[in-house]
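Structures follow.
Common to both upcoming complexes is chain A, partnered first by chain B, then by chain C.
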Partner chain A sequence: MIATHLPALQIVVPLVSAPICLLLRRSGLAWALASIVSWAALACAALLLQQVLSSGPISYHLGGWAPPWGIEYRIDAVNGFVLLIVAAIGAVVMPYARVSVAHELPEEQHATFYTALLLCLTGLLGVTITGDAFNLFVFLEISSLSSYVLIALGRDRRALTAAFQYLVMGTIGATFIVIGVGLLYMVTGTLNMLDLAERLPPMSENRTVLAAFAFLTVGAGLKLALFPLHFWLPNAYAYAPSAVTAFLAATATKVSIYILLRFFFTVFGAANTLELGTLENLLIPLGVAAILVCSTVAIFQTDVKRMLAYSSVAQVGYIVLGIGFASTTGLTAAIVHLFNHAMTKGGLFLALGCVVLRLGSARLESLEGLGRRMPLTMFAFVLGGLSLIGVPLTAGFISKWMLVQAALEQDNRFLAAAVAAVILIGSLLAIVYIWRVVEVAYFRPAPEGDGEGEIAEAPLSMLIPTWFLIGASIYFGIDTSLTLGVAKRAAELLLGGGA
Partner chain B sequence: MDAPGLYNYWIVIVLMMTGFYVVISRGNLVKKIVGLNIFQTSVFILYITMGKVSGGTAPILAEGFETYSNPLPHVLILTAIVVGVATTALGCALVVRIKEAYGTVEEDEIQRQDDAT
Partner chain C sequence: MSPESAILLSLGIPLAGAVLIALFGRRPNLREGVTLTTAALLFGTVLTLVPGIMAGGRPEATLIEMLPGLPLRFEVEPLGMLFALIASGLWIVNSIYSIGYMRANREKNQTRFYICFAIALASTMGIAFAGNMLTLFVFYEALTLSTYPLVTHKGDAAAKQGGRTYLGILLFTSIGLQLLAIIWTWQVAGTLDFTLGGILAGKAEGPVVGILLLLYIYGIGKAALMPFHRWLPAAMVAPTPVSALLHAVAVVKAGVFTVMKVVVYIFGIDLLASTGQNLWLIYLAAASILIASLVAMTKDNLKARLAYSTVSQLGYVVLGAALATSWGVIGGSMHIAMHAFGKITLFFCAGAIYTATQKTEVSELSGLGRVMPFTFGAFLIGALSIIGLPPFGGLWGKWYLALGALQAGQIAMVAVLMISSLLSIAYLMPIPIQGFFGKGNGNPGPVEIKEAPLPCLIAIGITAFGCLALFFFPDPIYQLLRPLGFNTNDP
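So, the complex of A and B:
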């Protein structure tokens, strides 16, 4: 009985728990509820993915209304995988948040914080699970509005301006998506994604459809911080509370990438968009530019959080590059990197949160000698950094390896070599910015007698989630059967035409 | 002749570009919110227009009415209006907080204060 309603429970449980969190008022109670709910969501997502992998896509009719009239929740290998990523990050960040939030936010804001975090989780899961184009917009706005609130909770007053900037950019992006969905509805009369996919091919030359495609691409591009639409991201990540940065960095952009994948391949169909030549001509140059420019900018940051934020834009560049190849290998690489980067960057931001807890800032010069004072945290950071660079035996290596393979498969020899070279240069740049942190933390003496006493290691409740994600980014670099297997199935599904 | 029937779409385009321009060009945060509102309103009109059928009435079954307007886009946009209201409210709340923290709502003035620290 419960099993048949799992898709609805995935959304309803966190959605209903969010206001309850607000009513509980007490920080500890709200946190406990939020943690239990996030674990329940993870269990739900894991069961759904397992069901999808064993017996094919699940179609759930919300309220019993049959699609295409009613809203359909449709879970296949693609969004089942993304659901698992989002829910897993939520379940890891929630336990971590308790100490971190208690340190960074005043007591009376705690219940609100967990409410907003649960709403954000609901929105992101909803965007991923839904098979209805307009429903997607509604969930996108739920997640966006709550993430503006979460970012604005940061201690620095610049968090407010960062949240405002994100609000303006995010609203424009989401409005572009509604315009795109509206234009599609005008020509097809349907909002169900599968139904759209069936009705669109005969009118692929229709100018309204092309306009819809353009609006959706730019809208999703704004949301996923596609270079050069990424200007909201570095500030938003740098000034948000630590737990929020880790959560958003690992999930929000990933879900937006999923939106792009879904519209490009399922709704518009691979054949249709490929004929137009948009994918290669649009996404590959933007991906390459993101990797080169943002990795370089990351090197010159003095705030480690900001540095990692720029690195996130560069990593989105890798994923977009993989999508741009529009081949099975390319898409597999993109989806695997989506997962690997979520684990790695989530882990890195969590480690940084531990640093902020003890030092009060993430400025590079304040990290001096931290390698000996907080050995476990900094070692986690180094391992995460290795995965970001793409050293063998880490998750980052797997996805970059796949990406280079996808690049070399291209017919155009020159393009193939150039893109493969860019991927390598991106890794070299990553070595530089990670090394700057390692150098300061391990090779410089700790400042003597600053009068604040010995800086201790972070508490276990924060170290365990950090090491869990860092451990995952190492584990999935050695055992790739789950990630590569699912990603390959997802890629084949996306390229297999409409459905 | 379609021209009078299509004028709504011209309004949509004009409003959309006006709103977009205000968001980009104005440094005052309140004006940015106003621009964002105009921008979103254009989309509301787009949806309302596409649901309208010439000569159609509200979709309630009654004697003597044969053509009905499509209610679905109208219902959809009701949701988008709610989202728009929430966005505006949140945006205004942020502006109030920014005013408290910086003492100004001008973007360049805020930038100058941030650079100074």
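So, the complex of A and C:
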């Protein structure tokens, strides 16, 4: 009974719990409920993925209305994997949030915070699980609106302008997506993705379809911070509360990338609207530019949170590059990096959250001597940084390996070598920005005056989630059977077109 | 003990040692006891593998499949056997030395020092026994990272700067060039397993071979082939035991060892010789040998001079690989062993001089030999071995290298070897000569002048004796390495 309704429970449980959180009002209670719900969501996602892997895609008809009229939730290896990523990050961040939020937000906002975070989780899970194009837009708006609220809760006043900036850009993105969906509905009369995929091929020359494709690409590009549409992201990440930064960095852009993948390969893939050349000419240059420009910009940041935010845009560049190759290896690399980067960047932002808890800021110079005073936090940061660089035995290495391999598979020898070189140069730039932090934390003496005893290691409730993600980014650099296996299946599924 | 478990234990023992060292961090005597025991156990374990290898066995062990079709796999072959023996054997000696040095100089963070040292040794074993290029690369990077805290041990501005150069060059070359070459090889050959005769033969030709070789040779920054040698002098900010074992033996030898592995097992010397792509590498190696020797003469800082001498000597091994003949490969590999004993002796002496007198510059050592006769005597032995004079082991490496050069028809390279020997006389011999016969500056420094602590002297004695013993008994090494010359084109 429950097993058959898992897809619905995945969404309904966090959706219903969100307003309850608000009604509970008490910070502790709201947190407890949110944590339990996030774990339930993780269990749900894990069961769904397992079911998909063992017995193929699941189709769930909401309310018993058969598609294409009713809304269909459709889970295959691609979104099953993304669901797991989102739910796992949610389940790790929730327990972490309690101390961090208590420190950064006034008491009366706590219940609002957990409500918004749960709604955001619901939205992201919904975008991922649904097989209906318009439903996707609705969930995207749920997650976006709640994330504007979450960012605006940051205690720095600049959080308000950052949230506003994100609101404007995010709304444009969402509007573009809904325009794209609308255009598709106009010509095909359906909103179901599979149905769309079947109806689009005869009209691949149709201008309206091409326009829809363009709107969807730019809309998703805005939401996933595709270079050069990324300007909202650094501010939003830098000024949001620590837990929110970690959650959004690891999930929001990843889900937007999933939207791109789904539309490119499932909806338009069969229609062949998508000349592979277009994809190559568009995504590869943008990916390369993102890697080079944003990694370089990251080097010059004085705020570590902002630095990691720019690094995120660069990492999105890697994923986009993998998608641009449009080959099995390329997509495998993109999807596996989706997972690996979520673990790594989530862990890094959580580690920074510990720093902010103790120091009140993440400015580079305030980290002086922190290697001695918060050894566990800083060591976690260093390990996460190594994964970002792509040192062997970390998850980042696996991603880089697959990406370079995908690049070298390209027919054009010169392009292949050039792109492979860019990927590796990106790693080298990452060494520079990570090592700036390492040198400050380990080689500069702690500032005089504020006493050694004052700054202690972060509490366990924050260290354990941090180390959980950092540990995952090491573990999945050694044992890759789960990540690479699922990513490869997902890539084959996407390239097979349709189902 | 089965060979498989011996291989895995060789990695596990130092790692377990690291954990125990961390646990006993507050009790220095126990901690150092753990280090010594670990080193002895490791050497014993490595020794158990020798008879099997001599008999032609190639034991292997697989850990886990890291990438599809690419497991972390170990396979012991002669070259790796030799490298593992040298590194683990000298670790024992070096640990004895470290205890004397670190305590006499009252270094801070000694626990971290010993932990990182043990991890570095585990990485070295991983490199030595790697069964495919991916495994080698994994441990290659682990070695870079685990030695970074050792290089920057002092934690001051100079250490930070040195560490930056160290990490910058080593990571830049390995990630930027070597990784690219590895993935490319995987793409072309479909395997990364080390196979005698090479895996690229018949799969790649002409310019591709040349480009791949270039990427590998410069990508293996640890081999310190000029112009990517700057990290080695920079690493001299480390305490002397680190310079001695890691930057004269484990790290740099890991570099040239990797070059050897790549040439012998990835390209195959036949492929290199037949495409002629080895020619430019021969010239690069020769240039590195000569230029580094010349630079060494200009250095007044003793450790810097030794570092450049190492750069020059590493060029010998690369030259041996580049010659792509059986004698060249054997000579280069043998030189790994011979140079290890000579150079570690020299570094030990440099550290002993520093410990006893706090002197670091060559120009300050005048007359000091009469105060520290034992140390300077050992220095003389090490220097003679590096120069390649009998009755010391260094002779044999050069001997076979010269044979290899003749075999490849490169008469000029024989001349390079001779000139380099002369140059090394010029930069090494003044030190003991001035030490014994120089006048001294008349006003002894603030530190009372005497020999270094006993553990240091014991270590120096062992390695100096090793230089001598290797002259008389090079045969086991030759027998071990002989299978590498298999399958080659004699002139």
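Basically, the second predicted complex is superposed on the first by the 491 of 499 C-alpha atoms of A that agree within 3 Å, B and C clash if a C-alpha of one lies under 4 Å from a C-alpha of the other, contacts with A are read in each partner's own complex, and residues count from 1 in each chain.
As a convention for this text, contacts are C-beta pairs under 8 Å (C-beta built on N, C-alpha and C of every residue); 3 or more make two chains touch, one makes a residue touch a chain.
Source: prediction; values computed, not measured.
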item: Which of chain B and chain C A:Y185 touches, first, second, both or neither; value: first
item: Contacts of A:I398 with chain B and chain C, given as first, second, both or neither; value: second
item: Chain B versus chain C as contact partner of A:V138, first or second or both or neither; value: first
item: Partner chain in contact with A:V168 - chain B first, chain C second, else both or neither; value: first
item: Residues on chain A lying within both footprints (that of chain B and that of chain C); value: none
item: Chain A residues touching chain B - in the complex, by the definition given at the top; value: 134, 137-138, 141, 145, 148-149, 152, 157-158, 160-161, 163-164, 167-168, 171-172, 174-175, 178-179, 182, 185-186
item: Of all residues in chain A, those that touch chain C in their complex; value: 386, 389-393, 398, 400-402, 404-405, 408-409, 420-421, 424-425, 427-428, 431, 435, 439, 442-443, 478-481, 484, 488
item: Complex interface listing, chain B residues touching chain A; value: 20, 23, 29, 32, 36, 39-40, 43, 46-47, 50, 73, 76, 79-80, 83, 86-87, 90-91, 94-95, 97-98, 101-102, 110, 114
item: Residue ranges of chain C in contact with chain A within the complex; value: 64-68, 137-138, 141-142, 145, 152, 155, 157, 159-160, 164, 167-168, 171-172, 175-176, 179-180, 183-184, 186-187
